[in-house]
Structure formats: structure tokens, C-alpha cells
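Two complexes, one shared chain (subunit A), two partners (subunit B, subunit C).
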Partner chain A sequence: MRSAKHISLLSASLLIARKDLAIEFRTRTAFFSAVVFALLGIVIFYFAWDPTAVAAIDLAPGVIWVIFTFAGLLGLHRSFGVEMADRAIDGLLGAPVPREAIYLGKALANLVFVSAVEAITIPAVALFYNMPFGGQGFAIAVIALLASIGLVAVGTLFSAMAVNTRLAELLLPMLSLPFFVPVVMPAAQATARLLAGRPVAEVAGWVRILVAFDIAFVVACMLAFPFTLEE
Partner chain B sequence: MTEADRALHQVVEAHGLVRSFGGRRAVDGVSFALAGGECLAVFGPNGAGKTTLLRMLAGLLKPTAGAARIAGVELPGGPDVRSVVGLISHASMLYGALTARENVELAAKLYGVSRPRDAALRSLERMRVADRAETPVRSLSRGLQQRVSVARAMVHEPEVVLLDEPFTGLDAAGAAALSGALVELRSNGAALILVTHNIEEGLSLATRAAIMNGGRFVRVEEREGLDAAAYAASYRELVS
Partner chain C sequence: MSDISLRGEAARAPVAATRASGRGIDWFFLVAVVLVVITFVRVVYFTPVEAIQGPAQKIFYLHLPAALAAFMAFGLVAITSVLYLWLKDPKLDLIAESAAEVGVVFTTMVLVSGPLWGKPVWGTWWTWDARLTLTLFLWFVYVGYLVLRGAIEDSAMRARYSAVLGILGALLIPFIHLSVYLFRTLHPMPIVLKPSAPSLPKDMLETLLLSFVSFTILFFAFLRARYHLALDRAAIEAEDRR
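What follows is the complex of A and B.
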């Protein structure tokens, strides 16, 4: 056999992520859908909210995480959808790169996607609910990033599993949402405390839980991913 | 090529290859060997198992039973095997939002080809589609997409080329470019497996011909000495 020069797992992952982001940048379908969905969600929550009954500080963390979870699902569904249109996935599977690189590349692109949606949504929540995010902005951004890692780790795996089924749009949230709970719960708890002006040290426990789930989900999903592609 | 020569230089070998979907055997005990520089044309009706056979050889499907080797490595193998295989299938395997050059360059990078941009442009040039290199694939006609798809599959100069109806959608110029590229690959020592319904087209490139029906090779013979018209007649008789 000719001596083959293989690219590393990381290089292959970055190539795949860059390709996915280039496609999304040109079509912008999923991103605009997710942002519009998120902003509409914020508006609906805002008009359903009675400020005399519930304080903004109690409502905002829930609004943020409900919206992130569902807006993220829109991007996750698209993740493997682009591969199925002309069986481009066969081109990736036939390439001399580890299957894990496909997963990592997809997850990286999804992380950028979800983070971009969050970058628009968090200021919008601050605006609608008149929340003083300024002092805790960085800490909230870190929580959002950690939670996003967990969400895309699980969502990318289930997106690959669901894409070949006839009920992919339904199956992806059904499979993903139960696994989102251990990520969304500590993220919402930490966000609530930070918005209430509690010191960062008080959320350290929730952050540790988030990091633990992130590591567990990324490792488990990366190991499971090659089996989802077998026919 | 004699059987002894073939055994000495074989690049592809399959032994009793079986693939079942549920209770149905799509490929049912296919065995053959192919040396570098040979082209096996596989003819057969729809549902004969030709595409399933190619997908197994490309490492995209695991055999239910039997074994296959490419360049001495048992399939499905890993990156080493996949780096020497090129697959052209029914579907273009291209991303519509990316340009022709970006699609081929992405493949070149994934295959670790040095100077991937130059290699992509060369491959597009070989398929006579370089003038549309910066056009998004979704804006190209079906025939031009097929040429880009072939350029993508050949950008890494594969040692084994698996072709599933590669001439579909190609005009005369595209078909000539593809035939030229395949002849060049074969003369450089690549082994080709060409699945087609078009007997004349298949025999023009083949060194051996096989007829597949019901998941089995029902007839395999050397191309030399075969008359295309007589072969087509016997093919129709065999699969009817």
C-alpha cells in the first residue's frame, strides 16, 4: 500500500467544523430561525409575565435556559441534515479520518452556533427584564459556555442517530431533552444566584457539576458516535 | 492476466462476501480478486446487490459474513484502507452551498493531499470543469455536479476506484473526460470496479466482466475476446 499521510484528529475536526460553519454562514437558515425563535420566545414570556406577582430576577434564569435549550435544538437538527442532502456523509465516512473527528467537528460547529445565538439572546433578556447583568456578565458567559458544551455534546450524538429516521424533528428533542436536564438544571441554578448578586464562590458547586457532566457527555458521546453511523 | 499473476498483484479480494438487510440477502457469497491495473465491470438488474457490494468495499457497510481485503487489509479497515479508495456513487456526495473547488479541496485536505488547492484545481481540470471552480455546486447542472463528484473522488489518486453508474448524467464531453481519467488511473496501476447497466460503456473500460443477479456473481469472465452485442444478448437472457 502507498504510504498514506493522515491528518490528525484535531485537524480533521477543525476542517469539518469550518466546513459546517461556512455552509451555515452562506445559507444562514438555521441561525436566523434560532435567533427569531429565541427573540419571539423572550417576547412571549415577557407579555405573559406579571411583574407584580413574580420578580424579574426569579423569572429571567428560567426564560434564558428554556429558550437556549429549544433554540439550540434547531441548530442541532440541521447539523446532520446538511450531510444527508446528497449523501455527503459518505464522503466524510469514506475519508481516512477517525469517525470521532466527524463528531468533534460537528460538535465544535454546533458550539459556535449555540454560542452565537446566546450572544444575541442574553442581552435581549437583559433588556426585556431590565436585569443588571453587567457585574456578573463574565461569570454568566462562562456558565453559558459550559452548559452549551454539555448540550451540543449530547445533541450532536442524537442528531446523528435521528437524522436517518422519518420522525427526525420529533425524535431529536425526545431523545435529547432528558439528557439536557443534568446540564440545564445547574446552569439555571448558577444563573439565578449570579443574577441575585450572590458571590461567584457560591456557584462553584454548580460549576463543578456542569464541568463533570460536560466531561462525561463529551467522552461518552464521542465513544458512542461511531456506532450510530453503522448500517 | 493469468490467475497466478492476479494472485501475485491482487489489490482487491473478496471471499464469500454476504450482506443481509433483515432476512433478505442483498449480497450472497460474492468472491473475486482484482489486481492493480485491472477493471472489473459488474452488470446486473436493479436490486442485484451491486451498490451494496461497492458500499462494503468502500468500508461504508460491514459484511454480515465473509471477508474482503483491500491492499491486504481486511475491511472495514481503518484510515489506511480508506486513504487508497475512491468512491463515485449515485449521489454526488457534495455540499451544495460550497463551490466546486471548495468541495474538492475539502476532500483533498481530509485525504492529507499536499497542496490541496492545487490538487483540487488539477482534478477539476481533468474533468473539464475547472472554469466553474468558484461556482456553488447547487448552481451547477446535474451533469456538471457529476463531474465535480468524480473530481472529488479522484483528487487523492486512489489505488482502488469504486464506480457506481458514474456516467449517469454526463454529456459526451463529461463521459470522455471520465473515461480518460479512468484509463489514466488504470495505467498507473489502480484497480477499478465499475458498476453499470450500460454494457457497451462497461466493456469499453473493463479487463473482466461479471454479471450479478440475486446477490451473486452468476458469470465472471475475461473481457478479451468478448463481443459486446453477443454479451448484451446473453446478459438479457441470463437476468430476464
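What follows is the complex of A and C.
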């Protein structure tokens, strides 16, 4: 057996991510509720607009990103919520791993969760809204991944903070949503242009904001995370 | 029930002596209020009316200095948050709390006076201009900051969490600015943009500078009063715990 000291940041993160995904895979409660929530959102949004006045293609990018944001919040809330039961968090904190690894592992598990919801939601939007995703499918997937990294980076940190407060369910969206603006806006704008058949080069500015946001907030949130744990 | 509150009152008694109300008149605050009154007397009676915009332009002398004070406040939140995580001095946290609350008050002033000026001049209460959108999101971030503070009982945890949010909030500002700016330039909107006024007439410039000075002093007067309140609250919290 390897000594604890030899567990690197990355392998410790992967272990924690695997633990969270195993819990989610065995229960599947959060995933199914997030997917059903997303599908319900797609359907309700369709009837919130007059289809003769607003074309579905104009509606789809906004719908996709609003739904990802809210479905993502469902998963993020659970991320540290599960650790509160029976004080499971104490076990994590007692483990001989750097605290940054707890953040990275949680964020990685959340990224898989959000990506899995997106992998079902995007084809569902294509089906229900009759969208031609095929042509720009790869570019849209890249933008979805970049945006998900940003959402998850901030959301994981705020999830760790919100679970320790009195208003947990309310506070997570309240803190997170302003931070999601520079993610959701570029993602929705880029998706809209790609769906309209514009060249990839036209969305370079939006992609640059996403990449810069991801780098800045993954680093900042990882550094800030140890301060949100009990000392 | 009454027994518990009675014990609470008894514990608070010695603290009362150090409270702000026991410190007499807040002269600094009084000076600030007098200066602001002088500023507005000058704005209303001794500053020329702008030729095109008419009297509505006088909101300028409230709007701009309030925005300046709000940015000072949020800058102070960021600086004291970083220093708190480094030095762990509870006073830094109380300064951050006070600055955030005063900042929200000034941002609210900006957000209320803006549409009042915008309606007669631009023809619309609100437009998704880069600067307006940024100010609105700043308001959301710092209202969230205050709600977060209210939702945590333990003072050390409250200080750490709000310091983290204070720092991330400052980091967020350039990103929101960048994205709303790009949003606007890609969608040029038919609005009468705010006229830039590099060559303000002398009378107006003097009034503007006076309003900057009086609002800056008002900002520090608010901050100081709010900080004293925070100190009293912390003292009462500490007494209650004992």
C-alpha cells in the first residue's frame, strides 16, 4: 500500500471525484431530477413565447443556457449537501489529502454531472425545437464545455459556503447567478451565432472571455476554498 | 421566556457605556451633512441650467459623486477582504461589512437617479448599456454579500466567507464589464448616448468638484458611523457568548 504522502493533488482529486460520482451513479436522484427539470424547462419555455412571432431558432440558445444554469444549480447544491449528512465532511477533512484536492475533486464530479445533463438536453432541444445542431455540433460542444467549467468552478465553491448557512437553498443561486453572467452571456451569444450558421471565427471574442474566466476562477476558487472549511 | 431576555439585558448593560449613542454628537457626520446641503444649494441656485437637457441635468451632481463613492466602497471591501484573510484581524472584517453596506446605499442612489435622468434625456428609463448593466450587477453582488453575512451565526466563519466573496466579487467586475461591453458593441442600440463632457463650463466644473468633495466626506462619515455600529454589535455578540 502506498503511503499517504505519495498521493498527488491530481490523484487525490480523481479519488474524490470518483467517490462523488459513485454515490450519484448508485442513487441517481440528483441526475434524474436535473434531467427531468431540464426537459420540463424546454417544454415550458416553448409555450412562454408566441411561436408565430419568435422563431424557435432565436429562442433555443437562451433556453439552453438558462436551463443549464438552473439544472446545474440543482447538482451543485447537492455537491456539499451530501457531505453534511452524518458529518461526512469530517472524514474528508481528516483524510491526508491537500484541501485543494477536495475542491478539485468536487468540481470535477460536478463537471461530469453538468456535462451529462447537457448531453441529454442539447439533443432534446434539437428534437423539440427542430434545430440543425449537426453542422456546428463540435463547436457548440466545445463552448458548452468551456462554459460548464466556469459554472462549476464558481458553483462548487459557493456550494461549500452555502451549505453552512441558514439559507442554503436560496443563497446558492443568489450568490452564483451574478457570477454566471460572464459565462452564460458569452455561451448563449456564441451558440446563437453558430446556430445561425455564422463562421466559428465570429465567436472568437466570446470564446476568449470564456477561457479567461475559466482560468481566473478555477485558480481563484481553488485558492479560496481552504478558507471556507472549518479550521 | 422573559427570564432569557432579562439575562440578555443584564449582559448588555456594561457594553452600553461604549456604544456610539454614548459618544455624543457625531461631528464628522454633521459636517458631511452640512457640506452636502451646501452642495445642493449651489447645484440648484448657483449653477447654470444646461442648455439642451434642462434642469434634469442637475441630477449629474448627485449621480456621478454617488457612483464614485460606490466604487470607493467596493474597492475598500476588496482590500480589507484580502487583508483579513492574511492578518485575521476582526476589525478588517467589520470595515468590509460597513463599506459593503454603505456601498450598496450609494449604488442604490446611482441606480435610482440614473433612470430619473435617463427618462427625460435619453427617452427611456433603462437601457442595457455596458455601464448601467455593470452597476446593476455590482448591486446584486454586494446585496448577496450582505445576505450571506446575515445567514451565518459564527463570526469567524462569517468573516472568512464574506472575505472570499468580497475578493471574488472584485475579480468578477472586469469579466462582467468585458462581456456586457462586447454584447453592446455587437448589438448597437438606437439610444442617445450620454454626451461626454470633457470641457465642462467653469461653473459646472466647480459644482461637480464640490459635490465630489462633499460626497467623499459623506461616504467616510457613513462608513465611520456604520463601523462604530459594527463594533458595538461585535461587543454585544461577544458578551452574549460569555
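Please note the rule applied: the second predicted complex is superposed on the first by the 224 of 231 C-alpha atoms of A that agree within 3 Å, B and C clash if a C-alpha of one lies under 4 Å from a C-alpha of the other, contacts with A are read in each partner's own complex, and residues count from 1 in each chain.
The rule is short, and it goes like this: contacts are C-beta pairs under 8 Å (C-beta built on N, C-alpha and C of every residue); 3 or more make two chains touch, one makes a residue touch a chain.
What you see is a predicted model; the values in this text were computed from it and never measured.
Look at A:A12: by the touch rule set out above, it reaches subunit B but stays clear of subunit C. Once chain A of one complex is fitted onto chain A of the other, the partner contacts of A:V163 are absent, as it touches neither subunit B nor subunit C.
Legend: residue contacts after superposition of the two complexes on their common chain; A:T27 is shown touching subunit B, with no touch to subunit C.
Once chain A of one complex is fitted onto chain A of the other, the partner contacts of A:M185 are limited to subunit C, with no touch recorded for subunit B. Residue contacts after overlaying the shared chain place A:A216 against subunit C, while subunit B stays out of touching range.
Judged by the touch definition given at the top, the superposed model places A:L171 against subunit C, while subunit B stays out of reach. In the superposition on chain A, A:L92 makes contact with subunit B only, while subunit C stays out of contact range.
Contacts of subunit A with subunit B, set against its contacts with subunit C after fitting on chain A, overlap at residues 230-231.
On the side of subunit A, the complex with subunit B involves touching residues 1-2, 4-7, 12, 15, 19, 22-23, 26-27, 82, 85-88, 90-98, 230-231. Residues 58-62, 71-73, 78-80, 82-85, 87, 89, 91-98, 102, 106-107, 109-112, 114, 136, 152, 159 of subunit B are the ones touching subunit A in the complex.
Against subunit C, the residues of subunit A that register as touching in their complex are 154, 157, 161, 164-167, 171, 174-175, 177-179, 181-182, 185-186, 189, 205-206, 209, 212-213, 216-217, 220-221, 224, 227-228, 230-231. Those residues of subunit C that touch subunit A in the complex are listed here as 85, 137, 140-141, 144, 147-148, 151-153, 156-157, 160-161, 163-165, 167-168, 171-172, 175-176, 178-180, 182-183, 186.
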